[in-house]
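Remarks on the structure that follows.
The first chain written gets the first letter, and so on, giving A, B, C and D; residue counts start at 1 in each chain.
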Amino acid sequence: MTDMTSQATPSPDEKLDSASARRARIMGGVLIALALLVLFGLNVTPGEVATFRLTTPRDAIQVGNLVVPGGPFNMIAAALLAFLGVRQFLRGGAKWTNLSLGIGLAILVMAFLVWATAGKSFSLTGMLQATMVRAVPIALGGLAGVLSERVAVVNIAIEGMLLAGAFTGALIGSLLGGWVGMFAAILVGGGFGMLLAALVVTYRMDQIIAGVVINLFVLGVTSYVSSQVFSEYRHLNNAPTFRAFKIPLLGDIPVIGPMLFNQNLFVYGALILVAISTYYLFHTKNGLRARAVGEHPRAADTLGVDVYRTRYIHVTLGGMVAGFGGAWFTLGSVGRFDENMTNGRGYIGLAAMIFGRWHPVGALSAALIFGFADSIQQKLALLNTPIPSEFLAMAPYIATIIVVAGLIGRSKPPAANGTPYTKE
Amino acid sequence: MSSGPDLKEVNERMRGLMARTTHGRDDFEDLVIVPLFAVVVALIFGALIMLATAVDLPTIGRSFVALAVGSVGSLSAWSETLTASIPLVLAGLGLGLGFRAGLFNIGAEGQLLMGGLAAVVAGFTLAGLPWIIHLPLTLLIGALVGALYAAIAGFLKATTGAHEVISTIMLNLISYRLLDWLLRQPFIQREGRSDPISKDVPPSAELPRILDFIDVNLRLHAGIFVMLAAVAFVYWMLFRSKIGFAFRASGENPDAANYAGMNAAFIIVLAMGTAGALAGLAGATQVTGVLGRASPGFSAGIGFDAIAVALLGRSHPVGILFAGILFGALEAGGRQMQVSAGVSIDLIGIIQALIIIFIAAPLLVRAIFPWGFRKRTKRVGDA
Amino acid sequence: FTACQVTDTGGIDDAGFNQTAWKGVQDAMEASDIEGRFLESQAETDYEANLNSLIEGNCDIIVTVGFLMGDATKAAAEANPEQKFSIVDFAYDPTIPNVLGQVYATDQGAFLAGYLAAGMSQTGVVGTFGGINIPPVTAFMDGFYYGVQYYNEQKGTDVMVLGWNPESSEGLFTGNFDSLDDGRAFAENLHQEGADIVMPVAGPVGLGSAQLADEMGTDSLKIIGVDADQTQTDPEKAHVYLTSVLKRMDSTVTQVIDMAMNDTFEGGLIVGTLENEGVGLAPYGAFEDSIPEELKAEIEAVKAGIIDGSIQVGM
Amino acid sequence: MDVELRGLTKRFGPVVANDNVNLHIRAGEVLGLLGENGAGKSTMMNMLSGLYTPDEGEILIDGKPVKFEGPGDGIAAGIGMVHQHFMLVPVMTVAENVVLGVEPTGKFGYLDIKKARRQVEEINEKYRLHVPPDELIEELPVGIQQRVEILKVLFRSADVLILDEPTAVLTPQEVREFFGIVDTLKKAGKAIVFITHKLHEVLEISDRISVLRQGRITGEGDPKTLTESDLAEMMVGRPVSFTTAKGDAKPGRTMLELHDVTMLDENDDKVLDRVSMTVRSGEVVGVAGVQGNGQTELVEAITGLERVASGKIDFDGTDITYARVRERHKMGMAHIPEDRHKSGMVDSFSVAENMVLNNYYAPEYSKGWAIDWPKVHETAAKYCVEFDVRTPSVFLPGGALSGGNQQKMVVARELERQTKLVIASQPTRGVDVGSIEYIHERLIASRDEGDGVLIVSSELDEIMGLSDRIYVMYDGRIVAEFDNTGGKADRNAVGLAMAGSFEGEAA
């Protein structure tokens, strides 16, 4: 073996230029900037306290208000942020980076709330309750997206499915009552899911075009009927709503009770659906098959899993979930349909899905963030903060961009997402 | 090195290779018959929907007449059709260009708003310049701001991989709020008003109406030339220019583009920027040609309709031009339909959607009308 | 004779603003045999195009509904000096010869509503929110606010108004005139902060607030309607309306159509006030019995005071 | 179990992939199936497994005709196929992949993953496969992934096992182990169809051999009586020479030099570990190794497609460690990528556009900011003629060409440029024998014109036949270097090094 030479004796401590280390450093910088922001931008007049009301006079169990001394709180917040930032700089790692950013943003939000509320008060419980309510259609939209994208069908049509659900809920609900209305909404949502599946699976239409078109179509039909028919026959657009019902005992727990256990059918429904879908997707036979179809349809096919059927079923299921979410707008909220009343919530649901990494619980969490931002903004508008309300309204969207860019830029959709499958 | 048996034979073979493949019947079916079917079928469906909502037959008849008359039946109808199509085509070109480069930009709406607002601001702050400078400058600033706004999403995608669908949706939502706020700043807000509305664009920055010598109510403005120029420019850019080659390559196969040494980050930012510039230009022509000022939501969903226009036009500049005019015609005709037949203009949305369905899913049209088409042969032969 | 109307973006069936104005045309259609047409605006950009469509359509008078249509109407009127126009909620200064503006002193009506709300509130907190921060909207909110202040002054109470501050011109706005869901959420928000009476000034958005009041029960939350008597336009939820601040666009629109038919039309302004009953307070509906008689009487007195000028609406 | 294929025919548009084929498969026997690329082997087996439906003909099991609606039916009938391209879901575990489609379940469709794991262990035990059931597929080396595929088939208690080119990704040592497994299976009474291109393998393991050419069975025989050249002739239809004629290398100056190049993947694991190597002008350097040992990353580092974490790369005396891809092209680096479909070409682009994919910006094709298309078309036509790319027109989409022609198109583009260094990665993968000879000749011609040529291939024969010097990669490192002037390197030693066992020996 004369012509053979062995190579490379290791030199131990080389400096490696790794992407995650770079990212950790950037995040460190961001966190330190946030610390400075809290320190100088959100400084509270000394002695002022922020009062968060936890119960209303009508609640069964009364607890005192949460009173936070503004100045000290925000000093501590700034210090924590700075600590996290410095830590990132010194020894940030892949796992820690995301966690630190998450904690950092949470601290920032708290510091901001304390700053905005200093010297005033508002109902924290009310805000959390509203958070939950506002998150419902987004979470259900996101969940619909998860179900269909897990089998690799991109679902831009969530918006249209929500709108169709809202419309059907109002129309059928007015004629035959809330429950029938709700089931009709689910069916119609499922119908549009099936239509999407037919267009993309059977007719091989581009998935995004199919989604956009369904949105256009639903918007057209519902607006048309609403202005052509509902304006004349008002009784067709006057549905009963599902009211909140308090779950005994649990509903009386301060803060948590009103938020989770004193809500209407749709809130409970969303939570249950998220739980069921998580179980379904990750712990059942059919869930495994569905995910396989989304990741590697041909592999699934060779094992006797019917790819087309699986796609049909899940996109339809997604449509049904979206139809249920759509019914929230009418049967769960205002009892009547209004043109384009979903107002882009389906697209936000799509964002929640991506934000939530194609996981039902992730989608729900993302939806809660949107809901939180939505309700916080309304509270702040009443508090007369010097920040223009438009900027408060923007905050969740900006935060989403930051998080998507910083946190999950690399999160991966199901491998086959968006690609049609041809058998032969 | 040609291992050259016979120079003549080699030349012969080269000539053969360079002969263009002629358009076959398949192309003809795809480009002419399918769209025609689509429009006809969509109209029939529209009639069925009207029937289903208890509109009587004479009214349906009148509404179709009104649709035709209102869109192409008179000079003023043409004027309205083209006026409506200008921003649709411009924004659609931007989106189509993005699609070609593999970017699913949903953000035309926001880019259009920001570009339009910038044009308004440029319009009244630069008042006093001669129009020959003022107008182009105003449009340019609108395009530039649209480009910058879009480039945010491009930049984020290029540097962090943030999905452009999310970031453009968010940028749209942000733009509404930003517009509301900006319109209330003293610098922009009209004197004496407390609601969000901007100052007026002075005449020297307005796109002149080109048919007002016939009738003052003809709104068609010089933006139509901007639109045509943009169609030509995008065509050139996509199919003739070097950068367009890179756009298309990264859209079709990003791995191959990367392999070929195309700078993905640069392409993403530039393609987004160009798309944003066109959307911004759409906004700018809208405020300088039609609206004269900016108010909340002045985009009126054009940015979203433009997605449909771009898809319908198959991301091809000429296709987008026709798709935009078709959408403009439906809009103008739809208005007439509501006025003279009392049928809600929302019907138009349905018809638009149906047209796209039938065009985008030729298999579906073929399934519905098997007799209209020759049976498809598979791929073209190989070696 | 044909009367045409362009609605604002809320739609013709908004149970308030546009619907009331359209009722004016309908009333005229019933009274004298004329034709009425309308065109809905889908977006603010439609105003001009819609006006153009109507100019084509041989209308004897075109009524535009909404402050936001002011510019478009002006442009159309100047381009078509022969065409008669009338606009609801806008006054031109100087006036245009072929446009008749219809404006309303809604703050007078809302003042009474504020007084009533202050008198009826159990929690000592009342609220209001608007659609967009424009004068026709904020006029209601101003009146409401000052009505409450006047009550406080008279009674030495400390009833608080959430959602509007006339001094800083800042308050709670949904930013649109069509999201019912916002109406519900905003009312809920005000309710969480203690308000038990809410006056939404945002067209159909208020229907969402009414829905919430219906669910919560009127002990928790009552609604004050605006524009039309909402017990009539929203009969299903009639029981939640404490009253409505009337803005009698129907009567002024009919008036304008009559003028145009009788050739007495000329450019200028019609102002609806408490005095000429162009604005007012609707009947108390379901609350007729629960409102104390003295409070009703005081309100009549305040009304008289406003009419004779002894009470100033606003500070 | 006894399976018979009778008169099977399958067409894909104008391509007749299988033309009236007859085949007999018997229990306890290994049937070797040979054929060039595109001969129709996979198609035939896909029909047998139920993935494709035959256009004509029938399948008989134990004499009874059967009709498969989908792979599910095939599985039910006891036919299991290990596909040429792995049919594994990378983000799922071994156990999940194995039970997919026949999952052990509890109440409410609950997936009993514990039971699945147990079942996997049982089969592991029985056939001595040694596959870790809880590992994610994407974290396993290809050799193990291969076993997972076999496990999948066994798990479904298949009696007929179709193994489509299972050895393509294995080292010679792994092939040995694999043959052991096949033997066990045969003894257990399974019928096995073994597909490969490698003649010596098929001679070694099969009991019977069938050869397929252009969709037809062109020969059958007994491995004991046949020789490699008999088989080759049956496959190709003419006598084949197994070596590329080439003169000696005349190495010149150093073209490419890597110093301690290290690269990390997204999890910060080292995929290249202090790699150093040189390529001189006028020589062909081969990089041997089993797929997945860092060759892909090595090429990415050299061509600039990925960022290196440390180390230095010199190209003709210039430091290019951080140079962009395009700069490297401009300096004279040509790159034939390992997967032409994924990165070497754009399917929807015309042949002409593909021909200038990475130098469309060059001055000779430019008119200002635009591309001089007539010039491009002319050049493309010229290259097509020169490199024998068979296409009716340069306007035809590149994706419409057959695999071999696509590869020739890519090779033409890369070699026709002014180059100093050619990086050829798997240059003949999926290409027919005729084209292979041609591409090899062109690479040697580049060398003889004075270019440095670096060939990365998992086909050891290709490396041995072309290279003047050979590096062997294992686990992200260069573990050995061989001089192969005049073909003097020891094939066995190279094979051992590929399996990583060299280190032990050298120490």
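We take it that a residue touches a chain if its C-beta (ideal position, glycine included) is under 8 Å from a C-beta of that chain, and two chains touch if they have at least 3 such contacts.
Fair warning: this is a prediction, and the values are worked out from it, not measured in the lab.
Undergrad: Hey, which pair has more contacts between C-betas, A-D or B-C?
TA: A-D
Undergrad: Distance-wise, how many Å sit between the C-alpha centres of chain A and chain D, to the nearest whole number?
TA: Comparing mean C-alpha positions, chain D is 43 Å from chain A.
Undergrad: So, what's the distance in Å between the C-alpha centres of chain D and chain C?
TA: Once rounded, the distance between the two centres reads 76 Å.
Undergrad: Averaging over Cα atoms per chain, report the distance between chain B and chain C in Å.
TA: Result: the chain centres lie 39 Å from each other.
Undergrad: Hey, how far is the Cα centre of chain A from the one of chain C, in Å?
TA: That gives a centre separation of 37 Å.
Undergrad: When you check chain A against every other chain, which residues touch at least two of them?
TA: 227, 339, 410
Undergrad: Which residue numbers or ranges of chain B touch two or more of the other chains?
TA: Within chain B, the residues that touch at least two other chains are 180, 344.
Undergrad: Which parts of chain C, given as residue numbers and ranges, touch two or more other chains?
TA: Residues 40 of chain C each touch two or more of the other chains.
Undergrad: Can you name every pair of chains that touch?
TA: Once each pair is checked, the touching ones are A-B, A-C, A-D, B-C, B-D.
Undergrad: List the residues on chain C that touch chain A in their complex, please.
TA: Residues in contact with chain A: 11-13, 40, 162-163, 165, 168, 170-173, 178-181, 183-186, 188-190, 192-193, 204, 207-208, 211, 215, 236.
Undergrad: Which bits of chain B are touching chain D when the two form their complex?
TA: 1-3, 10, 13-21, 236, 240-243, 245, 248-249, 252-253, 255-263, 377-383
Undergrad: Using the touch rule from the top, collect the residues of chain A that touch chain B in their complex.
TA: My answer: residues 199, 202-206, 208-210, 212-214, 216-217, 219-221, 223-229, 339, 344, 347-348, 350-351, 354-355, 388, 390-391, 393-394, 397-398, 400-401, 404-406, 409-410.
Undergrad: In the complex of these two chains, what residues of chain A are touching chain C?
TA: 56, 122-123, 126-127, 129-130, 133-134, 227, 230-231, 234, 238, 241, 243-244, 329, 333-336, 338-341, 343, 374-375, 378-379, 381-382, 384, 389
Undergrad: In their shared complex, at which residues does chain B touch chain C?
TA: Of all residues in chain B, those touching chain C are 70, 76, 80, 83-84, 180, 184, 194-196, 216-217, 219, 286, 290-293, 295-301, 332, 335-336, 338-340, 342, 344-345.
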